[in-house]
Amino acid sequence: EEVPEVVRLGYAGGPRVWMLGKADGSFEKAFGTSVKWIPFASGADVLTLLAAKELDIVRFGSSPATAGIIRKLPVEVVAVSGVIATSERLIARQEIASVKQLEGKTVAYPANSTAHYALQAAFKVHKVDVAKVKQVTLKPAELVAAWSRGDIDAAYVWGPFTQQLEAQGGKEILASRDLQKDGYYVWNNYVVRTEFAKKYPQIVVKLLQVHQQKVDQYKADPEDSAKIIAAHLNVDLDATRSTLAGLEYPSLAEQLTPRWVGDGATTPDSTIARGMADTAAFLAEIGEVRKADIPPSFAPFINTTYLRQAVGQK
Amino acid sequence: MTRTDGTRGSALRRPLLSLAATAAVLAVWQASGALGWIGPNLLPTPTEVLTTALELAETGYRQVPLWEHVAVSLARAVAAFLVAIATGVPLGLVMGISPTASALLDPFVQFLRPLPKLALIPLVIVWFGIGEFSKFFLIYLATFLSVVAGAAAAVASVGRDRLRAAEVLGVNRWQMFRHVLLPSTLPDLFTSVRLAIGIGWTTLIAAEMVAASSGLGWMVVNAGAYLRTDVVLLGIVLLGLFGYLLDLAVVGLRKRVVPWMGRE
Amino acid sequence: MTRTDGTRGSALRRPLLSLAATAAVLAVWQASGALGWIGPNLLPTPTEVLTTALELAETGYRQVPLWEHVAVSLARAVAAFLVAIATGVPLGLVMGISPTASALLDPFVQFLRPLPKLALIPLVIVWFGIGEFSKFFLIYLATFLSVVAGAAAAVASVGRDRLRAAEVLGVNRWQMFRHVLLPSTLPDLFTSVRLAIGIGWTTLIAAEMVAASSGLGWMVVNAGAYLRTDVVLLGIVLLGLFGYLLDLAVVGLRKRVVPWMGRE
Amino acid sequence: MDGPGVIAPPHAKIRVEGVVKTYAADRAVARTTALQDVSLHLGEGELVCLLGPSGCGKSTVLNLIAGFERPEFGAVTVDGRPVERPGPDRAVVFQQPQLFPWLNVLDNVTFGPRMAGVPAARYREDAARYLRLVGLTGFERHAPYELSGGMRQRVALARAWIANPAVLLMDEPFAALDAQTRLTMQELLLDLRRATGTTILFVTHDIDEALFLADRVLVMTARPGRIKAEVAVPRAAVRDFDSLFDDPAMAQRRHDLVALVREEARKAAPQPHPETP
Amino acid sequence: MDGPGVIAPPHAKIRVEGVVKTYAADRAVARTTALQDVSLHLGEGELVCLLGPSGCGKSTVLNLIAGFERPEFGAVTVDGRPVERPGPDRAVVFQQPQLFPWLNVLDNVTFGPRMAGVPAARYREDAARYLRLVGLTGFERHAPYELSGGMRQRVALARAWIANPAVLLMDEPFAALDAQTRLTMQELLLDLRRATGTTILFVTHDIDEALFLADRVLVMTARPGRIKAEVAVPRAAVRDFDSLFDDPAMAQRRHDLVALVREEARKAAPQPHPETP
């Protein structure tokens, strides 16, 4: 099979396990070609980069991925890279004990993020009257600044910002994992440009395999892995440690069950396909996408072929 | 060289030419979309943008009517512009005439002026919170610093002999400032204000990233996050249009206020 | 009113005053940090920023040495500035003298100028990809449009009689342009260029949001996303510092190139 | 002394016929009528001086011939062609010297030839000569703002002369010069005219200067300007300023002109009659 | 005719003593020496005219007394106090009228009183009178750029006079005016001086004008400027310009001054006798 001159991988710059592969060059070795790492600042940027065909494979959040698919980007989801468990949490002031008590308070979240979706899910699960909550969008760093002034009472955000809020008197009242029992999943996924994947399926397969190797490496020695990633990305070690630990990593094999993406046949009923549909409904509700644009099922946009090959060849 | 020759051709010539050029560009844009040169996800055609405009005019974007997005942004920006001009012009002129004031303040003005206002957002939030004032302040700061720099520079090109003529007529410092320097620098000040307002309007988007839930800048950023390119483009068109109208207003004012420009 | 009086006090007075003012502000900043007015996560003290600077100077940020971040940003910006001036000044002057050119182009210039460049990033990526050219183009566009607007406005304040004097000396259109309008507008052009460079440098951060992996703007945005406030602040200080140095360079050039300013 | 209603001879180099020119005043109610039915002509190589009270429209006449402005009514032609725009065939010395502040004295003087693409070798000598003639040798590298008022005006003179134009329009060119320098310049002008046959329209306030220089002197009325009278001056081979008025005919002309100008100035000065619409 | 080395009497209003002034030329190698050891004085209420070839330093002397510039050596005092900066006690009429283009004629004229906080009721009449005297009634609302050169200069005159200053420094104020308007202005100046006792330093190129106006005429040498000679003019109650030189003593003074100025101008302009091209 022919190999592209360069594989363009999109990454957010935060501590994630596949950064181990960026640090040690595993992807280049596995692909047998060079890799261009393209950083992005937000899910919105990813959509633009994909539309402009400047990315081949990218790891990013479920909400923007769903938005992109609704907007008919020629892309597909190939696997889950990590499920957000405790890395994203709802932090509130001491006197607020439950989600329900957020009524009448100001809550901040980063726009178009998995945290945004999780916050809305938390409101639903806890039957919060959304009209009574003042919601503001802020970037994570700005959210910390607003907290320190007392402008906001709670925030749904990820590390290291959650730790910052806790250091300034905040208290966790919910983590994304708590929503899973009610069927609300937030995750990060690997998304490929369909055109690229069709042309170079082996690259996608090898990417998933290296991903699994790096997950294994992390699980074998979390401390050492965190150190490597923190040094490589110039980020705080504590934050790296807790972020990496705050995600769940279903193995490639596990992912082929309906609990995650399914094996193709079971995909329409899988958690991920349903999760995307939920996300789409939520986006339509807040008015960010047109209801008419939402596809009846997201299964056609989840391609499990590569996952199956990655497992079969192992 | 027909610079001052306003009489040739009818008074309608200019707006007609402008309209024709705009129409031509819109036609090319529409055609490029219709011929599929660029996917609709990236550059919706003018008709699509128009459809979105009508849609949003009726139903609003994110529960906020379209006109309100425009009004909110204009209110924020115009308030900031007015305060920036009212404070920036005097300070700039003072820096222009007083070497001491200039030595003390110039480093800060020239240090802060080119700073991306985006990078200052966290600090602004710490100082002023996430309310309207922070948004006002970001636009104000960007405009103010440019106005100050422009006004200080304008003083340097006032003719020496004019200042002398005023001095022997017995003006005090304040009068020199108010009645000689200010009018003398008016032509240059208008240019600086035009450029500064452009900068301020540009900062709108950064300002409306601060916990806003309405405004054109916010609309553009937010819709961009969901690849609603039609809304983004509508926002861009409106931002550009109102930016242009603001500029036309300033130019119109200049013609009234500085009739002697170029005829001294 | 000592505007032109450069002789009073020693030549060192100005830089000394500037240094003193800067030192005072740094001292207050340091004190406010030491006294715990603001948490270190939001506003690290100057000494902390200095420590970070030394650290990054040695080890680099994200595998890129600190000097390289500076160099990359300066290269991008200065290249864009030079091309923007070289193209913007002629176009602006042409628009200033020709009502037809002005009618045709002014709507686009004044429409695009106040547009937040941030909002154009998606389109720029689509058209030019994510390479260096896109970054160059964003800075170029911001600078160019302001230079054009400033140059066009500058023409209006050239004295009628000077143009007449040139006409009777038999200049053709090109010569009028090159040998009369250009030098006549130089004082104003320098002001416009200073403002425009400020705008361009501001745009650096937007430009380096386009899939960059080095540069001061990128460093600030990226470090901000992970709460490395010390790196953010170091980046801001460097951005401001080099913005200031660029401005000083332009002002220095003006003194050399336009010695007649204010003495006509 | 002839009447004012002169019909231009067919060989006239410059013709101004029945010209009316008014100005809209920005902040005043009424338009100012600067010129009301002005007709004049200059033959090839003629030197005509234009006299008249301040504000009567002399500069306006010059501006029309130079092509800076257009008349509302009437026609302005040079060489039989209507004047449409300014051109290097009609050099102008302005009432205030319009030097280019970014050029030094030498570059100001050589501006015309340099723009015309004349090789430096050819104009360098001319420039040096004209600078010597106007007494500015040694100031070649000075900037205009480093010169006195009179020196600036002399630079403007050298700049106009070096172009060797067919028509020279001069607006009070010697007003800022001392008597002696002025005389030198006047003699220079006459010499150059003799050598080159330039047609010259010369605006001045100085009646002696007009009589010394002119082939014909035109006197304008107070605003709104019209040509009031014309005084022919017989052309002598060489004139001497000091003994000019020893000739009783000349003295008579001077007397007449003084009376004419004085009459108009009286009209203009104490109670000008601003026209209402 | 006295020698140049005059010692100022103790009651002098203005003293300039041993003043040297040089200019650094931006692009030239050598400094230009504008004034070299200039001394002069003006008594209270005296009207002194300054003559000299173009570029000899007359404007520079004026600038020093006005306080625009400082001498390198020597002292400039007014009322015994050294001149440090410009002030409204010393009004100046510039060689080029420096009007404010954003003000109309009336507002330009009343600029001084308005700045001094004089109530409108008090200066309104004055303004109307001075505008009438300079012949600009009816042009109150015109902008400066809507006036002819001579009209602008007359606005500048009215603006200086209305301030009623103790010292009036005038730099060729009437050069742009026609003979009759000029005479009107000259007579006006003498009338006002008689009424107010203003001390006046008057730079001119016109020897007749100097003799008509001055109590004393100073002649400067060519650059570098020094005072070359002083000619006292006996003060008559009323002078009449037309018959001024009927007095043989006056005619003699004129003759002397012409010779003096001519000599200096010859020095300044190295080639007074042009070769024709």
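The letters A, B, C, D and E name the chains in turn, as written, and every chain counts its residues from 1.
The definition used in the following text is that a contact is a pair of C-beta atoms (placed from the backbone, for glycine too) under 8 Å apart; a residue touches a chain by one contact, two chains touch by 3 or more.
Owing to the predicted nature of the structure, the values given are computational and were not obtained by experimental measurement.
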> In this assembly, which chains make contact with chain A and also with chain E?
Replying inline: B
>> Applying the touch definition from the top, give me the chains sitting in contact with each of chain C and chain E.
In response: B, D
> Looking at every pair of chains, which two share the most C-beta contact pairs?
Replying inline: B-C
> Farthest chain from chain D, comparing Cα centres?
Replying inline: A
> At what distance in angstrom does the C-alpha mean of chain D lie from that of chain C?
Replying inline: 49
> Taking each chain's centre as its mean C-alpha position, how far apart are chain A and chain C in Å?
Replying inline: 38
> Once you find the CA centre of chain A and the CA centre of chain B, what distance in Å lies between them?
Replying inline: 39
> Using mean CA coordinates as chain centres, what's the chain B-chain C distance in Å?
Replying inline: 17
> On chain B, where are the residues touching two or more other chains?
Replying inline: 42, 122-123, 126, 167, 221, 224, 229, 259, 263-264
> Of all the residues in chain D, which ones touch at least 2 other chains?
Replying inline: 26, 96, 143
> Got the chain A residues that touch at least 2 other chains?
Replying inline: 48, 51-52, 139, 141, 144-145, 148
> Quick one: which chain pairs are touching?
Replying inline: A-B, A-C, B-C, B-E, C-D, D-E
> Residues of chain D touching chain C in their complex?
Replying inline: 66-68, 85-88, 90-92, 94, 96, 98, 100-102, 111-112, 115-116, 143-145, 159, 163
> So in the complex, which bits of chain C are touching chain D?
Replying inline: 161-162, 164-172, 175, 179-180, 183, 186, 258-260, 263-264
> For chain C, which residues count as touching chain B in their complex?
Replying inline: 1-6, 13-15, 17-18, 21-22, 25, 38, 42-43, 96-100, 102-108, 110-120, 122-123, 126, 142, 145-146, 149-150, 153-160, 163, 167, 173, 176, 187-188, 190-192, 194-199, 201-206, 217, 220-221, 224, 229, 232, 235-236, 239-241, 243-244, 246-248, 261-264
> Where on chain E does chain D make contact in their complex?
Replying inline: 23, 25-28, 32, 51-55, 57-59, 95-96, 104, 132, 135-139, 141-143, 146-151, 154, 171-172, 175-182, 184, 205-207, 258, 261-262, 264-266, 268-277
> chain B touches which residues of chain A in the complex?
Replying inline: 42-44, 47-48, 51-52, 64, 67-68, 71-73, 108, 111-112, 135-139, 141-142, 144-146, 148-149, 151-152, 283, 286-289
